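Chain lettering (A, B, C and D) follows the sequence in which the chains are written, and residue indices restart at 1 in each chain.
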Amino acid sequence: MSKPVTKIGVLTSGGDSPGMNAAIRAAVRTALYYGLEVYGIYRGYNGMIEDEIVKMDSRSVANIIQRGGTILKTARSKEFYNEEGRKKAYANLVKRGIDGLVVIGGNGSFTGAYKLSQEFGLPCVALPGTIDKDLYGTDFTIGFDTAVNTAVQCIDKIRDTADAHDRLFIVEVMGRHAGYIALHSGIATGAENILIPEEETTIEEVITSLSEKEKRKKLVNLVVVAEGHSSGGANGVAEILKQHLPNLDTRVTILGHIQRGGSPTCLDRLIASRMGYHAVESLLEGRHNVMVGILNNAMHYTPIEIAIREKQRLGDDWMKMVKILAS
Amino acid sequence: MSKPVTKIGVLTSGGDSPGMNAAIRAAVRTALYYGLEVYGIYRGYNGMIEDEIVKMDSRSVANIIQRGGTILKTARSKEFYNEEGRKKAYANLVKRGIDGLVVIGGNGSFTGAYKLSQEFGLPCVALPGTIDKDLYGTDFTIGFDTAVNTAVQCIDKIRDTADAHDRLFIVEVMGRHAGYIALHSGIATGAENILIPEEETTIEEVITSLSEKEKRKKLVNLVVVAEGHSSGGANGVAEILKQHLPNLDTRVTILGHIQRGGSPTCLDRLIASRMGYHAVESLLEGRHNVMVGILNNAMHYTPIEIAIREKQRLGDDWMKMVKILAS
Amino acid sequence: MSKPVTKIGVLTSGGDSPGMNAAIRAAVRTALYYGLEVYGIYRGYNGMIEDEIVKMDSRSVANIIQRGGTILKTARSKEFYNEEGRKKAYANLVKRGIDGLVVIGGNGSFTGAYKLSQEFGLPCVALPGTIDKDLYGTDFTIGFDTAVNTAVQCIDKIRDTADAHDRLFIVEVMGRHAGYIALHSGIATGAENILIPEEETTIEEVITSLSEKEKRKKLVNLVVVAEGHSSGGANGVAEILKQHLPNLDTRVTILGHIQRGGSPTCLDRLIASRMGYHAVESLLEGRHNVMVGILNNAMHYTPIEIAIREKQRLGDDWMKMVKILAS
Amino acid sequence: MSKPVTKIGVLTSGGDSPGMNAAIRAAVRTALYYGLEVYGIYRGYNGMIEDEIVKMDSRSVANIIQRGGTILKTARSKEFYNEEGRKKAYANLVKRGIDGLVVIGGNGSFTGAYKLSQEFGLPCVALPGTIDKDLYGTDFTIGFDTAVNTAVQCIDKIRDTADAHDRLFIVEVMGRHAGYIALHSGIATGAENILIPEEETTIEEVITSLSEKEKRKKLVNLVVVAEGHSSGGANGVAEILKQHLPNLDTRVTILGHIQRGGSPTCLDRLIASRMGYHAVESLLEGRHNVMVGILNNAMHYTPIEIAIREKQRLGDDWMKMVKILAS
């Protein structure tokens, strides 16, 4: 059996997502409760290499549960991709006696943790921190609920002005490979069409549906597109639609980075708190190199290498419902 | 086998909850899609008795998915408790040929539907519409997520002023028999103590924990109480605390009815849409007299009489986490 | 003296702005209170030409004070630019005996009202409805406060993610000829630089200030640009900055149409209510062909032709304050 | 002429209000820009007595412009009422060479500043920080706009549930002596009646208006009451109404302390920034012992003793408008 963990490091890495602070807070306080020392590692693996590592106490994480962003900052680290960088980074942990790591981030961040565990035997636990929701082994990822609510609130505003003008709005939301934000925000705002990377909805179908609506004088319409859709995002879609439906008064809005920020929703704070709490318990109980998730209302532990490889898949019957409800 | 349903009525009953409009919209549009006629019944069972029943089309539910409250209005009906009232109500359905019913509400509303199905053989489907979340057979109830986010946003504001003044705030949230709003909003706002009807946390424990905090000069504290806690809600708690901890600067806030209103969150719109959609499919497929829920990510159908009788139970390990994280 | 007004029409025209519904409500109810008949004209001058004119009562404007957009819809009308169109439009008013007009919109909408008053002697009153705030003769325009708060809330979210990543964000807000949204939202979010059409701030100054900040390791920076700034908006600025400051991690967000929608702020509802109320009083008291404004806390009436010609000018000392506060 | 100020102290005192942090930030950065030293005094005059005084630099006020509450904390100090306390406090300033003071707060806080200026010749400048808006010599007070928007958003939510149930809601907002929050939030939410300390509206008028409405079946009604109204706030009003209108379904909500917190609106951040900036300029230019206000769009300086003595008065014609618009 592995040696008990006594000092842990916590870091956030990759794209930031709302709720990361709640996860940091939970991990830090749970570790302190169990008598561990805790270190905050700044700017993800960059800070591990650059030795930006600071001891944390209970006050370090006071009054942050409601804040967007991450107090530990985040970054993508190129140097960490090669072994040299990782050795340097690991040496900084060893120097302080850090013998356990909590990593909050997405796929790329998990890969870093996996490397550390493989190359140096460092016990790692990963938390799913991404607004994209497409990670395997968990029903929730930290930040998705906030991001999708931000998108919904913005699209609600856009609908006000679309209604006032009888306009077609094409709204682009985040999601390079995953359509969850587009799908959920589109359904929740009554979008007429939703274009996501995972589905075959073609622009032709959108054109058909919109021209049918034009005929019956339904002129206020909303199309939600994931940035990663093959059409080239909202601008791509708009260009094609203008060619085929030149009479429609069309506007494009790209929501962009506002989807990453903001005070986290209750759900994101709650799952982040639970995950941070169970991350430390997991390290203590010797359940290492796993991603902590919540599946069917229970904590669920997926080996990191599987979490990296697999994707959460969209269910099937969504698109039929979209079509019926937006009619 | 039962005759196929051809005309359905939709009503909301009991306390309103955000997302009811999204459920109405989904039920109406799905029914129209399948060629059914749809009638809106106003003011719950009251309107069924008083014959406030109006035919609905697709436009009737346009632009409502984002609205709080319920366009069909709601009420509690005393007359419906006796058979006379129900006969009168049912006659109004028969008059129009309404042969299926979608009821959105809580426990009391389900009882009404159950009576109609038992006494007149009317096919009914119930949707869980309550901010209290304690219904059996579903992980989500329509309105809970919005209510708890409203509570969280309010408590965040209260914490601003608590911090500025080094005060103890006692905040009362809704929940006569169920502590879900208190529990989730309390964890999400870092409450020091959470008092809910289901748990044995005594005021003594709160006093102990607060006086320990007073000793180490942690003066900003937050206690979240469900209105149904045995101490008599926030005012009851405040009175006891003032006796035992007279040096604390204590304030009470009762959030009240703001928790029922507001534009629904993405999650509430989404589950309400799915439930409304599957309610109609359920009626069409002959799956009658059930409550439509979502359990472990899949639609789940609970016989109404069981949904009425059973309660969702809180998990166990929450309170330990509360204590550790608020330290 | 002119004949007393007995039947009025109300319309919204040009770009929509939050609070227009509050102004409609106030105008309608005040007119009804004084015994006038009121007609809603849909889609601005378009609907006047197409005869989309509907009688309104007190219920027509119930429950709209909190809604974004405009229940009367809005449009820009090309046909109204030529006399033929205006004659047709006026005939539709005459047909109903409409002898007074309340127009809510911006400069272009005022021009339409001015033409009607000049060509047909129709008593008109104009209300300043624009998110741009640059109208002459009023301290407030309906919609500005909401738009600028929407911008602020979005930029707050962007700052979360900018902070997490040490990034430079360039945010584009609305304002083709006027920098009010950029200036106010920029100051309110602590922007390092603000670029507006009215001021000479050159990109060179921005480069100088950012490279000075780069030297002292202040990497999180925010530049707010009005869409009408000579640099070509946020994308234009980003391109130039990337050339001169290649080490900065730069991102662009264009807030776009979300600034037009949303539930109006208290201030916008209040000034819209006052303006709508005084518009009708103004018509009744024979104060015609004026724009109703609020200047130095009192109602102020500017002849429409002057309101069309003049612009509100920015005060001087803002930019010095921006520089000092963002240091 | 007085000696030039070289070191200033900044404090917040009395009830906190959103935007105080923006004012602190502006005062600190403007002072640093002009080469002054700046000290933060914690917990108002309490901290001055207890010597909780900390030197501040530009980073001390980074990332606070958007935060509710006050980073300097606030308190009411009994000890400062007697000369002994003030001597002790002033000695702590002298010890550090602090020769100028910026006080952010309401009437009581101004009195403290006035005493210091009278007794010790300390140059003071006061900023109007109160959600009540009733201070003399300024159109804006820091926090009012945020508080009233919070009230409006809450009442909007309450209206959702009032509408769903055909209920009468009586909502109490803050304001012991001033009715501004009640008046503005009441108009902005279309309240049927508004009860404020300054006006003679009697409960009898409310009863008359509500029973007239009951007769014409308008059952959804909203009464907004300032806590300081002679009827005894919302509970007092409800009791009387229930006696006279027993058929109405009446509910009470007391908004309470949520009105003090929350991220400040654009307007509050802007005026707080301007006031903080001009407070320091005022100290430097020898304009001492004044309250910095904004009147008719220009900075306005009122001698503190006048600011303490006088009140802002409500305009007259508001109540007529309330009655007409809510009809």
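Everything that follows uses one rule, which is that a contact is a pair of C-beta atoms (placed from the backbone, for glycine too) under 8 Å apart; a residue touches a chain by one contact, two chains touch by 3 or more.
Note that the coordinates shown come from a computational prediction; the quantities given were computed from them, not determined experimentally.
J.: What is the graph distance from chain A to chain D, where chains are linked when they touch?
T.: Step count on the best path from chain A to chain D: 2.
J.: Can you tell me which chain lies farthest from chain D, using the average of the Cα atoms as each chain's centre?
T.: Relative to chain D, the chain with the farthest C-alpha centre is A.
J.: If contact pairs are compared by residue number, which of C-D, A-C or A-B agrees with B-D in over half of them?
T.: A-C
J.: Just how far, in Å, is the C-alpha centre of chain C from the one of chain A?
T.: That pair's centroid distance is 36 Å.
J.: How many angstrom between the C-alpha centroids of chain D and chain C?
T.: From the centre of chain C to the centre of chain D is 28 Å.
J.: For chain B, give me the residues that contact two or more of the other chains.
T.: 156, 159, 163
J.: Taking chains as nodes and touches as edges, what kind of graph is this: line, ring, star, complete or other?
T.: ring
J.: If you look only at chain A, which of its residues touch chain C in the complex?
T.: Chain A reaches chain C through residues 12, 16, 18, 20, 43, 67-70, 73-75, 150, 154, 156-161, 163-166, 169, 251-258, 260-262.
J.: In the complex formed with chain D, which residues of chain C make contact?
T.: Residues 22, 25-26, 29-30, 32-33, 58, 63, 65-66, 139, 145, 148-149, 151-152, 156, 159, 163, 184-185, 187-190, 263, 265-267, 269-270, 273-274, 277, 296-297, 315, 321, 324-325, 327 of chain C touch chain D in their complex.
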